[in-house]
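Working notes, beginning with the structure itself.
Going by the order they are written in, the chains are A, B, C and D; count residues from 1 in each one.
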Amino acid sequence: MEKLIITVALTGNVPTKAMNPHVPMTPEEIARDVRRCADAGAVLFHVHARDDNQRPTLDVRRFKENVRRIKDLAPEVIVQLSTGARAGKDWEARANPVRLLPEMASFTTGSNNLPGIVYENSPQFLEFLAGVFNETGVKPEIEVFETGMINNALYLQRKGLIHPPLHFDFVLGAPGSMPGTVKNLLFLSESIPPGSTWSVAGIGKAEIPLATAAIVMGGHVRVGLEDNLVMPDGSPATNAKLVEKIVRIARETGREIASPDEARRILSLDPARKDLILSNLD
Amino acid sequence: MEKLIITVALTGNVPTKAMNPHVPMTPEEIARDVRRCADAGAVLFHVHARDDNQRPTLDVRRFKENVRRIKDLAPEVIVQLSTGARAGKDWEARANPVRLLPEMASFTTGSNNLPGIVYENSPQFLEFLAGVFNETGVKPEIEVFETGMINNALYLQRKGLIHPPLHFDFVLGAPGSMPGTVKNLLFLSESIPPGSTWSVAGIGKAEIPLATAAIVMGGHVRVGLEDNLVMPDGSPATNAKLVEKIVRIARETGREIASPDEARRILSLDPARKDLILSNLD
Amino acid sequence: MEKLIITVALTGNVPTKAMNPHVPMTPEEIARDVRRCADAGAVLFHVHARDDNQRPTLDVRRFKENVRRIKDLAPEVIVQLSTGARAGKDWEARANPVRLLPEMASFTTGSNNLPGIVYENSPQFLEFLAGVFNETGVKPEIEVFETGMINNALYLQRKGLIHPPLHFDFVLGAPGSMPGTVKNLLFLSESIPPGSTWSVAGIGKAEIPLATAAIVMGGHVRVGLEDNLVMPDGSPATNAKLVEKIVRIARETGREIASPDEARRILSLDPARKDLILSNLD
Amino acid sequence: MEKLIITVALTGNVPTKAMNPHVPMTPEEIARDVRRCADAGAVLFHVHARDDNQRPTLDVRRFKENVRRIKDLAPEVIVQLSTGARAGKDWEARANPVRLLPEMASFTTGSNNLPGIVYENSPQFLEFLAGVFNETGVKPEIEVFETGMINNALYLQRKGLIHPPLHFDFVLGAPGSMPGTVKNLLFLSESIPPGSTWSVAGIGKAEIPLATAAIVMGGHVRVGLEDNLVMPDGSPATNAKLVEKIVRIARETGREIASPDEARRILSLDPARKDLILSNLD
C-alpha cells in the first residue's frame, strides 16, 4: 500500500470563530496552522481566503498573502488553492487562484445541493475552468460530491482539458449530497479509472470514520476544520489535533505517512513546478 | 417477484418532432399514445405539457387538456404529472400540476447537471414542493439522478412532508449525472429503505439494457421518448414499440406484467383517489 | 460491448431422463443437441459423459465418442470437456479429458457444498490439475462457485500454471453455495482481473434471469439442462429452447451473438488448436 | 453505533510456540491470557483445546479444563467453544463442546479450502450440528469463509434448527478462501438479514486493517493469535497487545467498547445461561 497523503482543509468558507475559535482566518493564523499540521505529518493544504471580516473572498490579493506566509513558514508543503463558489460566482474570479500557479487547485466537476444552496457548477463553467487548468498546467483535485462528477471529469479528460492520472477527493456526508458511509466511499473508489488516486473528506461526524476507512483501503485522507469542527470525543477540534489523530490511526494499522516529496510522486506532481507560485505573489 | 409496473415518459421537455416524428405533443397525440401503450401493457404515464409551438410549458390549462383526453381514451391508467424545471423555474408554476390532484407527480429531490444546464432544485424549493405533496396527498415519484437525492427524500420524510412507502425512479445515463450502468442501478436500489419501490429510467442507449436489468432484479421500468428516441436496432422509437419490447423481455424471463390496479396496490396508491383529478379539469 | 458467447451445458452429471426426457445422454443425442443449439446461436459446448446406464462416468472412451459425434455434426463449435468430480474422485481420471486436447476444459478452483455432497477440490488437486492444463496448453474455464475460487485461480496463475487472460464462469444459485442474485453476479464480475472474460451459469430458476443480466452487463452466458430443467413458464426445457430464448433476449437488447470464430477471438483461443483433439479420438 | 464487541481467538489449531512463543496452549496459559485480554477490553473468547504435545484435540476433558480455569480467572467473560475440524472429523467429537453448554460455540456452515486441506462441513454434518445447537440452546457464531455459508445458515434457520437473530463472523484472508478486503467485508455485511450482528476475523496481515474497517462500519471485531501472529510493525503479536490496539483504534474513532453484559445484550444472549457450563465441568 502506498504511503498515506494527509491533506488539511484549514479554513473553508463557512466556519466562523464563533463556531470554533481555532479556525485559522488571517494569513498569519493560516500559515501557523500549516506549520503545526506539517510538523504532525500533513503535506497537502487546501487553502481558502477570508477578508478582514472573516467572510469568504475570492480576492486574489488575499490568496497571495496566504500563500506568501505559508511558503515562509512551511516551504516544503503542497499548496492547493480553492476555486469554490461560496465566495463568489464570477467565473474569472473563481479561476484566478488557478492562475497564480499553485501546485494544485480544487475543481468540483458538477452541481449538487449543500445546506441552504445549490452548489452550481454548470457544464459551461466546467469547460471554462478545465480550460484554465489546461492552460496553466495546474493539477486539479477533482472534488466529488456525487457519482456523476467523476464522469464529468472523465468527459473533460476526453476533451483534452484535464489529464490523467486524475486525483479525486470524495466529499461525503454534506447535507444535501451523498451520505458519509463506507459503502458510498467504496462505491466511488471503484468508479474511478485505474491509475487514479483518491482521498476522502468526510463532513462532520463522518470525518474520522471515513478517514479511518480510507487508511485501510489504500486511499488518502483529507481532514480539517473546513469539514468538521468537533473531535470524536465532543471537544472542539483543531487542524493539528485532527492530523495527529490520523497519524496515530495510520500507525496503529501499519500505514506509513508520505512526506511532501513522496506525496508529489504519488500524485504525479512535477517537482519543477513546486515554487512557480512564488513569482506571482507580488 | 412482484409483477412489473411499466411507466411511459411520453413526451418530456426536450425532444422535438424533428428529432423523432413519433413524439406526442398535442393532447390528442398524447392521449392516443397512452391508449396504444396501455394496450401493450403500460399502466403509469409520466405526462408533460407542450404549447402550440411544441415548447415545454407549465401552463396548467395544457396539463388539464392532456389529462382530459387521456382519461377519455384510457380511464384505467395512472397519471403522473411532471413538476420538472425545464418548462419554467417559478415555484408555484412547478407546483400547480400537483394541485390538480393526479394520482402521482414527479419530484426531483436535489440538483445536478444536465446537458447545458444546472437542474436546480434547491433545499428551499424541496421543502416547498414537499409541502404541496403533503397538503394535497398526491404521491410523489422521487426522481433520483444522484445518490444524495435519496437522502434528501428521506430528510423530507423525517420532516413529515412526504410519507413512506416511497417510490423512487432512478434516472441513469443523462450526460452530467450518474452513468447508466448495472453497477450504479444496483447501488441505488440498495440505498433506499426496505419497503420502498423503485423503477429505472435509462437515458438514451441505457434505456433498454437498464430496463432489462430491472426486470430481473425485481424493480420496475420506465421507458419512453422523453428518455430515448432510438430502438436498439437503430430505428426510430415509438412509445408503444418501447413498451412492447419491455413486455416481450419480461415474458421471456418469466416476469408478469402488472395491471393498473395491481400497480396501484404495489405503489400503495389509494384507489379512492383514482379520479380526483376529474373535478379539477374544467 | 463484445458479441455474446453462448455456452451450453448439455447433460451434466445429475439430471436423468426421468427428470426431463430431453436431457441428451448418448453420444448420438448429445451431438444432435449440439447441432440444434449451434443452429440456434450457441458456440461453446460443455460436455460430460454418461455410461450405458446414464450414470456419470470419467471413462475416456465415452468422452472420445461424444466428441467424435459432435465434431461430425458440428465441426465448427468449441468443445469444452468437464473435469467435474461427481463422476469420480480419481485425480488422473479427472485429468484425462484435458489430455484429449479439447479446445477448453472446465476447472473448479476450490471446494464448496452442493446438494448432498462436499464438492472437493483440494489445494493439492488444484496444483495437480493446473499442471495438466499447463502441460497440455488446454484453456481452462474457471468454474467459480464462491469468491475464493477466483483467488485460487490467480494463485495458480502466479505460480505459472495457468495463463491470462483467464475465462471465468460464475455458477450461482446451486444450493449450498453462492445464491443466484444480480448483486452476487456483479460482485464476482468485479472481483476478476481486467482483461478477463466471464460468463454466468445460473442454476435452476436463476438461469434465465442471471443470463439476462449478463447480456446487458457485457458478460457471456451459459445455459443448458445441466443447470436447469424448466423454462420460465414452467414447461420442460430443452437445450435448444434455452439457447433460442437467450438469442431472443440478446436481440431485444441489441447485443449481437458471437460466431464460433468470434468466440475464439474473444476467449483468446488459438485457432490452430481447434482440431487437435481429432488425433486423440481413436 | 452500538458499542464494540471484542472477541479473542486465543489459540486456534495451527499456531505453535515455535511460530510465536506467546500462543497460549495450556489451560493455565489460556486462562491468564483471557484475564489479560479482558482487562484490556475483550469480552468474548473463542477457545480451542490442545493436548500435552500442543496438538489440537477435541478431547472434552481438555475443553472442560480450559473453561474451568477461564471461569476462575475471568468469570465475567463470554466463552465460545470451537467446533472446528482441524482437531478431528468425528461428528460427535465436534459436537461435544456444544453439549458442555457454553454461552456460544462456533459453527462453520459450509466447506472451503484452507492451506493444505479441504475444510469439510458437508450438508449432512451441518444439519447434524445445527440439531445439537437447537437441542442445547447454545448460540452459534456462524463462521463465514464464503458467501454461500450465509445462505446455508439461513437454510438451517428456515428448517427451525438455528434461531434469529444470528451472529456471523466473517473470516477473510485465509489462503484458499475469500480474500481480506474491505470490499469483501462490506459485501458480506450486506448479505446477512437485518437484525443480525457480525464481526470480522481478518487472517494474517488482514487482521488489523479489517478490524479497523469493522470499527467504523458498525461491526464487531475478532483478533487473536489463531488468526494472526504478527503486529503491523512486524514484531511478534500477543493476544493482549492485539486487543489493546483495537481498543486504541476504537477510541480514536469514537467507538465505545462493550462490557461483557453489554455484549450479551447486543448478541441476544440469555443472561440466565451465563454459567450453565459450570455444572458440566467435573
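The working rule: contacts are C-beta pairs under 8 Å (C-beta built on N, C-alpha and C of every residue); 3 or more make two chains touch, one makes a residue touch a chain.
Here is each chain with its UniProt name: A, B, C, D = 3-keto-5-aminohexanoate cleavage enzyme.
This structure is a prediction, so every number in the text was calculated from the model and none was measured.
Looking at chain A and chain B, no chain is in contact with each of them. The minimum number of touch steps linking chain A to chain C comes to 2. Averaging C-alpha coordinates per chain and comparing to chain C, the farthest chain turns out to be A. Averaged Cα coordinates give chain A a centre that lies 42 Å from the centre of chain D. Each chain gets one centre point, the mean of its Cα atoms, and the points for chain C and chain D are 38 Å apart. Averaged C-alpha coordinates put the centre of chain B at 50 Å from the centre of chain D.
Residue positions of chain B touching 2 or more other chains, listed in rising order: 183, 190.
Chain contact topology: the protein chains form a single closed ring, every chain touching exactly two others. Applying the touch criterion to all chain pairs gives A-B, A-D, B-C, C-D. Within the complex formed with chain B, the residues of chain C that make contact are 182-183, 186, 190, 208-210, 212-213, 215-217, 232-233, 245, 248-249, 252-254. Across the interface of their complex, chain D is touched by residues 110-113, 115-124, 126, 145-148, 151-152, 155, 175-179, 183-184, 187, 190-191 of chain C.
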